[in-house]
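Each structure below is given as structure tokens.
Both of the next two complexes hold chain A, though its partner changes from chain B to chain C.
Let's turn to the complex of A and B:
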């Protein structure tokens, strides 16, 4: 319990709690189930991508092509759905096509990073440019709207279990699955080991390139899932709709306590980071704050959260080294 | 190993560059090939060359204006080159115009991403004897021969405000405004005009908060509208500026089943908004017809080459009567078009 209170997630959780209390006082609507579900639903795509990004960042990599990959999968989904029949089989097919296509793109990133050892930022930047160009070329920027989709997909988008939208379930399942992988599977432990100390991990026989290919492919896999969530959420495909989302994804992961240089990061922290971003966005309108001040507030809250987290971290590091010296 | 890595990075970058070129030529090339088949039989020498440069290629709006421009080229027997950057980026646009100057075109009509950034290259074009004009968005007025506007900004903003009040069915109540970005000059001038109209003629209408930015994205507009509905339960109307914003707002209204309670009016393309117009979650989409704007631009460009200046009330075939301001430079295409559920299906953009 004590360890939890001191953990890096705690600082973000405290900020979220404070924010929630303030917002609940300002706006009676904030603490309604309806509103909170809207917040999570609206940020599910961001959340799914951020979870994948956490793995990439733990191993010291970065993937700026996530938004582009997700758009690409969205476009592929949109185009194939125009030909798919109006039967439940379509939904199954979607869940096969989207992740597969995502993994394909992700693994290209992974192989380039691991085998040819190009820095991840260069590979994924190149990938982002290529994909964005191709998407624009193929779609000509044309929107696809709900009239292009089979009704079964629209039903799927509006589907909810226990009053919780399928989109939120996708996010929850993704988070649980990734947490399980990190905690209980060999490859997950290898990811954590590399994050902890790459040199030692390689020396004990962990295959670094294998792990890298895994994290990038897994990122692609989640981009595929995110594309399903995105398409269900907007019930449309906008080829330009995700531009710049990669920055939000990275911001959410870093807010959640991950170290951008690698090593630190947890699924729980990332979820908190996503929630913080979502609640800020939601709360600013509910609190009736003037548009121009909204940006200032967003920046200030992020800075406070990150500094608080970092000060905590530095303090704990100081204690650590002291003990070492004494011992 | 390092060498190979370096080589590979270089290759990758080159590839990236090429990819950019391909998509550009792909979209620009369409226009040429469609012409080649029909008109190029005579060799194309001596034909008037008109270059139309949009802010970017590959979005529905500029695709529609491309269609109009190409059609005008066919009808009037001039060669139309429709090409632009793949992103709304001023530096890329400068490069495109440089290329056009070396192709020795007769007219360059540009929709600038940043008017100031284009001034030097437009000056260069003018020095070479190329006629410079702008369309869609004004460029440096000291350089252009003609400035083709789709709409009178003031009248457009006021028309949107009026339509909203009409759709609300009451002259009293709370409304909100969504916009693409806080810094977009054209959106701001429409919003200011709309606000003026409300202040002057509908004192009962109350704006609940300042305009809300939606980053030109449907999902952001959707989320913000959901938040708005919750924080202002008495909201009666939403005005949404920029093409994705009305779609997002309408989606929120549709999902919450508030079609009869909240009126939404905005600047959207008819094809995209059809499913929302259908059930009344979007009441009216108000825009001009971008294909006509492309057509008008080419038609006026040809007249300029022939030494003819447009006149107020002049009738342009395929477009209609245009308005010319007293400076003799500013051309207004005409009043905006209202797209409703009855006529939205008739348009192909």
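Let's turn to the complex of A and C:
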């Protein structure tokens, strides 16, 4: 418990709490269940992607193609749904097609990173550009409207359990599943181990490239889930709608206490990071502050958080690498 | 079954250009503590890495473990057979708990989706720790532990893998005296249980405390294996050093010019203490000692990149505080670091660009652009005067041989017109012919009035270039030797034992 109080997650939680108190004073609307649920719903896609990105970042990698991959899956969903019947089977099919397509794209990233050993940022930048270009080619940059979607999908979109939207449930289930994988499966522990000390991991017989392919494929899998959430949320497919989202995703993970160099990161922290970004955005809207300030705020918070983190790290490093001087 | 747990015979290892091990053998009995000893670069680490499966030996090597021929192709093969290596820098996962660190690597790679049994993991870890009599909460992340505690975790990991042989590479290098005692106890209890230990260390006292037998390596060759009771510290040193006649000892008499640099009571917490010496014009001062004795840290402090320190640095009679490498260069100090490839050169760029780098500001023309003609002239000047081969200024530095690369680095720093040149391991990874060329070059620079500090672990090299030799040990100056009184034995004696002992030059083998 004491360790938890000192953890990075705790400091993010405190910031969120303070922010909530301030916002409650600024706007009476803020602290209502409806508004808070809206914040979560509006950031569910960001959240699902950030969960996947957490794994990538723990291994010391990065994936800047997430938004592009998600867009691509959205377009595929939008296109196929025009041909799908208005039956519950459609929903099942969607949950097969979207993750599969996501995994396909993600595994290409993973294989290039692991087998040809190209730095992840280069691979995923290339992938991002290719996908963005293809998406525009296929859609001509135009919206795919909900008028073409089967009604069963629209029903699914508005579905809620215990008063909580299905979109939020997707986020919750994703988080729970990923937490379980990270904590209780061998591959999850290997993800943590590689981030902690790559050389030692190889010394104890962990297959480094397998783990890399796994994290990028899993990222693709979650991009597929995120695409379903996104299409449900907007009830349309906007080929340009997610440009630049990858930066927010990475920001959320880093804010949540993950180390961009790898080795550290938790699902809980990432959820807090997502909530923090969502609340800042919501608060600025409620406080009627121009939305471009949101970017300034977000950026400033990230820089402060990461600087603080790095200063702590440098301090701890100073303790190491000493020569024993005889008294 | 033979009396040996481990037999490594005919072990050779060739790296491009270097024969690191030449027909070495290592035989370890069951339940013994076996010391592996040799100077820096004698081949201890290479041998350990072959045992660990990190390197593959050259063909012809024979490897027996528990009386059977064993093939170790990957690190995991060694672990599975019961060979655990505890590296000096440890192989732990700082972000994972003690229990996970002890347990990791047991599950086969094929069971990615297997559920991790945290209860079993903790049980295994607790059991291993209990065998060591070491109490710690197994859920603590390893990064929160002291080095000594981390080492215990590594030993516990070895026990959890049913290790029959544990290799400890410089295990006491970052332990306090009390922690070392505790480690001895652990070693003795492991021994009682029939576990064999290979102990690699430079500290002779502790080797004699724990070891039953010694295997000595020198220059990648097998010298011999001895029982502890046939050896004394002095004899061991003689065995390690041998009698190498690689280069002639320096016989020139140094010009006793005025004092360029004086260091008074320099100290830096955790690096070095009580350092005082001076450097004169036209003199080469050798600084030696074991790796980790604080030599490089001292050099970097003088160059202004290892701060803050206590004490005074006096240059040309003036007390000076140097805050950055830029300032040091302005004061006429040049520092050539040990790692030529990562710190000294930009390998992909031309010789010209490398040499002109520190003086680019001086090569500006009136439009603030770099005067390319002057730059080329500068490079050609040093290519000629230092005899860089091939003498092609546009060649990428990375295409040159090690010796010529080092000449380019030296040229690069000479372009700043230093009065004081500090050079760290000047001939690291350079073949012998080129080494003596570099030595001559350094002597020549000194003859022209420069003051040079050569930091080196290679004793023949120190003897070949220096006028005076300072030996460091544990961050302090263990002693200073004039070139006429210095021998490899007297230096080693200071570096290892710290007192000016008398050692017979002739070894009684």
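FYI, the second predicted complex is superposed on the first by the 288 of 327 C-alpha atoms of A that agree within 3 Å, B and C clash if a C-alpha of one lies under 4 Å from a C-alpha of the other, contacts with A are read in each partner's own complex, and residues count from 1 in each chain.
FYI, a contact is a pair of C-beta atoms (placed from the backbone, for glycine too) under 8 Å apart; a residue touches a chain by one contact, two chains touch by 3 or more.
Please read all numbers here as calculations on a predicted model, not as lab measurements.
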| item | value |
| --- | --- |
| Partners on chain A (chain B, chain C) - clash or fit | fit |
| Partner chain(s) touched by A:263 [first = chain B, second = chain C, both, neither] | second |
| Contacts of A:142 with chain B and chain C, given as first, second, both or neither | first |
| Which superposed partner A:291 touches (first chain B, second chain C, both, neither) | first |
| Partner chain in contact with A:87 - chain B first, chain C second, else both or neither | neither |
| Geometry of the superposed three-chain model: angle at chain A (Cα centres of chain B and chain C, steps of 10 degrees) | 120 |
| First (chain B), second (chain C), both or neither touched by A:42 | first |
| Of chain C and chain B, partner touching more chain A residues | B |
| Partner chain in contact with A:160 - chain B first, chain C second, else both or neither | neither |
| Which of chain B and chain C A:202 touches, first, second, both or neither | second |
| Touched partner set for A:185, first chain B, second chain C, both or neither | second |
| Lowest C-alpha to C-alpha distance for chain C against chain B (Å) | 14 |
| Contact residues common to both interfaces of chain A (with chain B and with chain C) | none |
| Chain B partner contacts - residues on chain A that touch it in the complex | 27, 29, 34-35, 38, 42, 116-118, 122-123, 126, 129-130, 133-134, 136-137, 139-143, 145-147, 230, 233-236, 238, 240-241, 244, 281-282, 285-286, 288, 290-292 |
| Partner chain A, residues of chain B touching it in the complex | 1, 4-5, 8-9, 12-13, 15-16, 19-20, 22-23, 26-27, 58-60, 63, 86, 182, 208-213, 215-219, 222-224, 226-228, 230-231, 244, 247-248, 251, 271-272, 274-275 |
| Of all residues in chain A, those that touch chain C in their complex | 183-190, 192-193, 195-197, 199-207, 210, 214, 263-264, 322-326 |
| In the complex, chain C residues that touch chain A | 52, 54, 74-76, 79, 91-96, 100, 104-105, 107, 109, 111-116, 118, 173-174, 176, 269-273, 292-294, 297, 473-476 |
